[in-house]
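Can you keep this structure in mind? I'll have questions shortly.
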Amino acid sequence: MKKIYSDFNEAVSGIKDGMTLMVGGFGLCGIPENLIKALADSRVTDLTVISNNCGVDDWGLGLLLKNKQIKKIIGSYVGENKEFERQMLAGEIEVELTPQGTLAEKIRAGGAGIPAFFTPAGVGTPIADGKEVREFNGKEYLLEESLTADFSLIRAWKADKMGNLIYNKTARNFNPMIAAAGKITIAEVEEIVETGDLDSDFIHSPGIYVQALIQGNQEKRIERRTVRQ
Amino acid sequence: MKEEQSANKGGVRVDTREKIARRAEKEIESGNYVNLGIGIPTLVANFITENKQVVLQSENGLLGIGPYPTEGELDADLINAGKETVTAIPGSVYFDSSESFAMIRGGHVDVAILGGMEVSQNGDLANWMIPGKMVKGMGGAMDLVHGARKTIVIMDHVNKHGQSKILKECQLPLTGKGVVQRIITDRAVMDVGSHGLELIEVAEGYSVEDILNCTEADMTVSEKVKLQAF
Amino acid sequence: MKKIYSDFNEAVSGIKDGMTLMVGGFGLCGIPENLIKALADSRVTDLTVISNNCGVDDWGLGLLLKNKQIKKIIGSYVGENKEFERQMLAGEIEVELTPQGTLAEKIRAGGAGIPAFFTPAGVGTPIADGKEVREFNGKEYLLEESLTADFSLIRAWKADKMGNLIYNKTARNFNPMIAAAGKITIAEVEEIVETGDLDSDFIHSPGIYVQALIQGNQEKRIERRTVRQ
Amino acid sequence: MKEEQSANKGGVRVDTREKIARRAEKEIESGNYVNLGIGIPTLVANFITENKQVVLQSENGLLGIGPYPTEGELDADLINAGKETVTAIPGSVYFDSSESFAMIRGGHVDVAILGGMEVSQNGDLANWMIPGKMVKGMGGAMDLVHGARKTIVIMDHVNKHGQSKILKECQLPLTGKGVVQRIITDRAVMDVGSHGLELIEVAEGYSVEDILNCTEADMTVSEKVKLQAF
């Protein structure tokens, strides 16, 4: 049985100034929105945040940006908000851009005990600066090192009380790898069910990766509402 | 040479985008798994003929993108890589980002169609940053150009100043080196082969000479070059 | 829609002498038994086989051993049959023993376009001979290269007609990675269902990894029948 | 020193195995994820006290091994890493081999309990091959010794010739170098620390001197050494 929080502020209370966090989601899809809000309220600062994106001006990780809680961000596509742009141009925030597939693999490697791997993405580009390049079977690859975090904040659809998780549609994205790469992983979920209620054949994140659960209601804001008639 | 507007005003520009997208659609065979980049490449989906069974991959974790949702179908948990709300076709699959790029990097995607700022005659692509301007990030582009069996760049032939976007060497920071197999513009189709760039198709309204004149890169003309091709 | 074979002999007819094959399963659990039998009938030879185990004397890959169709085997635990032992001691078969986790990761890397990675397994052991050792964060790791195959033969529980697969319980084991690492992957399945009948959130192997399907009845022999009263 | 039979005949040997397994069980805390190796380690599962919530990992792809099945429950698709038919507990999870070893290698398994042929005083382990004999393979042992937060080796203190299995240096090819944190034998419990091997528990029927006499490795005796510990 996992620790189940009922208060989001309490859930993030272990996160301290200067820590490295991973946060799940792609754009605003699948982000642990209540955990992020609690983190914004906590005012912890000097955070290194690893996340594919960095939210928008008034939502998701954008809330932490606004409070200047982020020292450094590692992501693949981060500029969806003006405050980010301002901080970046003013040199107030450090940004490490990483190709999306490399980012996913670096996080997966971190959770899987693989310290480094070779990948083709970025060869011959500014991303290769300072990295080892090696040829395998006539093609060049970059050596990339894995990423881990002090805390991982993720969002899942359902959890059972053993911490086994399932995700909904494309809200899965980076969440499963981030769950595995955090020393302490807190999952914000839409629903907590009894142990045995999830099908053992169809668990996305085994509970071994999850240290704590909290149930919450998500607004699930849509970044680009696109509809057909 | 026909004058075309590159700026996005009125029907002319839209027609150009549609023309490129329609030509790009011909690159897709029935049974293919295809990744379409953000922008004009996304439009290609609109022109896939009904007799082709094509599965569209979205790098945020979906195989089998469907049409945009109706208001009633709208689901915040179902988006494409451009963060637009979408639907999923029967037989679609959701997966995590690591699996998605394993799929891409591992060579399982048949065709990737991407936009471009510059392409060089040896297949280098620049499409993610302009020095001095705000850099938002490369997203999945650097992985896509290495993974797909066939990487096709679609873009205008010249920039808004009328300068060739197909160059001897890219001036902008690269997305990938030697990664582009085919370039489709509003004016022509070119292949990057072992002997350099080769002109294989010329669009209606242009001559071979027109294309050579508006292309900075060194380029040979295929013996089988197709005129008025699209 | 994927190619669906009805004849196992036809399904394996593309496999030629000297090819490299991957075969799913752990022990006899989750092996594509009818594809293996057809391969034994085909008498193709000089095969390099990548599989965690090598069957037993009269079942699974043991059938290929008996016919001397295997030139080389790459696996983590291979000695469950006498013919194997005889061929190995007689120098008739080449064996490359690989730690199980390294084997799984080498195959996963092959399907994922990662040419090589570092792993701790085998440092300071005979497995490290001839391999690069590098330190990351004070611990030593070995460089291991990925594996791919001309053909992958796997077994799944259900497939839809787009080749999406799900596996049953621990019969999953090496099958999903092997599905992704084969140039041509043939899945022997217990049941083929209509497209749309499998839940998109719970597919184990997306159809993009699968080139052909064939439905068959499996004997599902048990290697160690262990029961309680 | 009490004479014990190492050969597997009669109740004496079985008692020794059980004694080791019962002592090893005390290493497991409630809430732990545990991987038990083949052989004596598998027996440990029988002695896990009911007040502990323990999840057993099987490297072939199962988290939450249950008891052996009844005849009616027998399922060829559900086995453990020793290829024995098993069952799964409520809340169990099935996964592929790559995920299984990601779990192991990534440090998510709290305790691994493995058998051993030889352990050295600096924590080297040999348990997979004897030169000149048929080598069946290392299976998952080389990954497990690096991944688990705590790696415990359980084995007889001496071999069938009465020779110490705890050595200054292993003579057999290694499974892992500097990987063992604790050794539990039929006679004693020893920790591998930064200052070498330390005796922390002595089993009933043995004295500290007995243990030092039957151990080839250099070993210090903890100030808090527990006598008649198990």
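Which chain is which? They are A, B, C and D, in the order written, and residues in each are numbered from 1.
Basically, a contact is a pair of C-beta atoms (placed from the backbone, for glycine too) under 8 Å apart; a residue touches a chain by one contact, two chains touch by 3 or more.
Molecules present, by chain and UniProt name: A, C = 3-oxoacid CoA-transferase subunit A; B, D = Probable succinyl-CoA:3-ketoacid coenzyme A transferase subunit B.
The model shown is predicted, which means the values in this text are computed figures rather than measured ones.
Participant: Going by the contact rule set out at the top, which chains touch both subunit A and subunit D?
Facilitator: Looking at subunit D and subunit A together, the chains touching each of them are C.
Participant: More C-beta contacts across A-B or across B-C?
Facilitator: When B-C is set beside A-B, the one with more contacts is A-B.
Participant: Report the inter-centroid distance (CA atoms only) between subunit C and subunit D in whole Å.
Facilitator: 29
Participant: CA centre of subunit B versus CA centre of subunit C: separation in Å?
Facilitator: Roughly 36 Å separates the two chain centres.
Participant: Mind checking the centre-to-centre distance between subunit A and subunit C? Centres are C-alpha means, answer in whole Å.
Facilitator: 33
Participant: At least two other chains touched by the same residue of subunit D: list those residues.
Facilitator: If we look for residues of subunit D contacting two or more partner chains, we find 88, 94-95, 101, 104-105, 146-147.
Participant: Can you list the residues of subunit A that touch 2 or more other chains?
Facilitator: 105, 108, 112-114, 119-120, 167-169, 200-201
Participant: Looking at which chains touch, is this a line, ring, star, complete or other?
Facilitator: The chain contacts form none of line, ring, star or complete graph.
Participant: Between which chains does touch occur?
Facilitator: Touching chain pairs, listed by label, come out as A-B, A-C, A-D, B-C, C-D.
Participant: Quick one: in the complex, what on subunit A touches subunit C?
Facilitator: That would be residues 105, 109, 112-120, 134, 136-137, 139, 141, 145, 166-169, 199-202 of subunit A.
Participant: How about subunit D: which of its residues touch subunit C in the complex?
Facilitator: Residues of subunit D touching subunit C: 58-62, 67-71, 74-79, 82-86, 88, 94-98, 100-101, 104-105, 124, 129, 134-144, 146-147, 173-178.
Participant: Which of the residues in subunit A come into contact with subunit D in the complex?
Facilitator: 1, 108, 110-114, 160-162, 164, 180, 195-196, 198, 200-201, 203, 206-209
Participant: Spell out the part of subunit C that touches subunit D in their complex, as residue ranges.
Facilitator: These residues of subunit C touch subunit D: 26-30, 52, 75-80, 85, 88-89, 97, 99-105, 107-108, 119-127, 167-177, 204, 220-229.
Participant: Which of the residues in subunit D end up touching subunit A in this complex?
Facilitator: Per the stated touch rule, the residues are 31, 33, 53, 55, 57, 63-64, 88, 90-95, 99, 101-109, 146-147.
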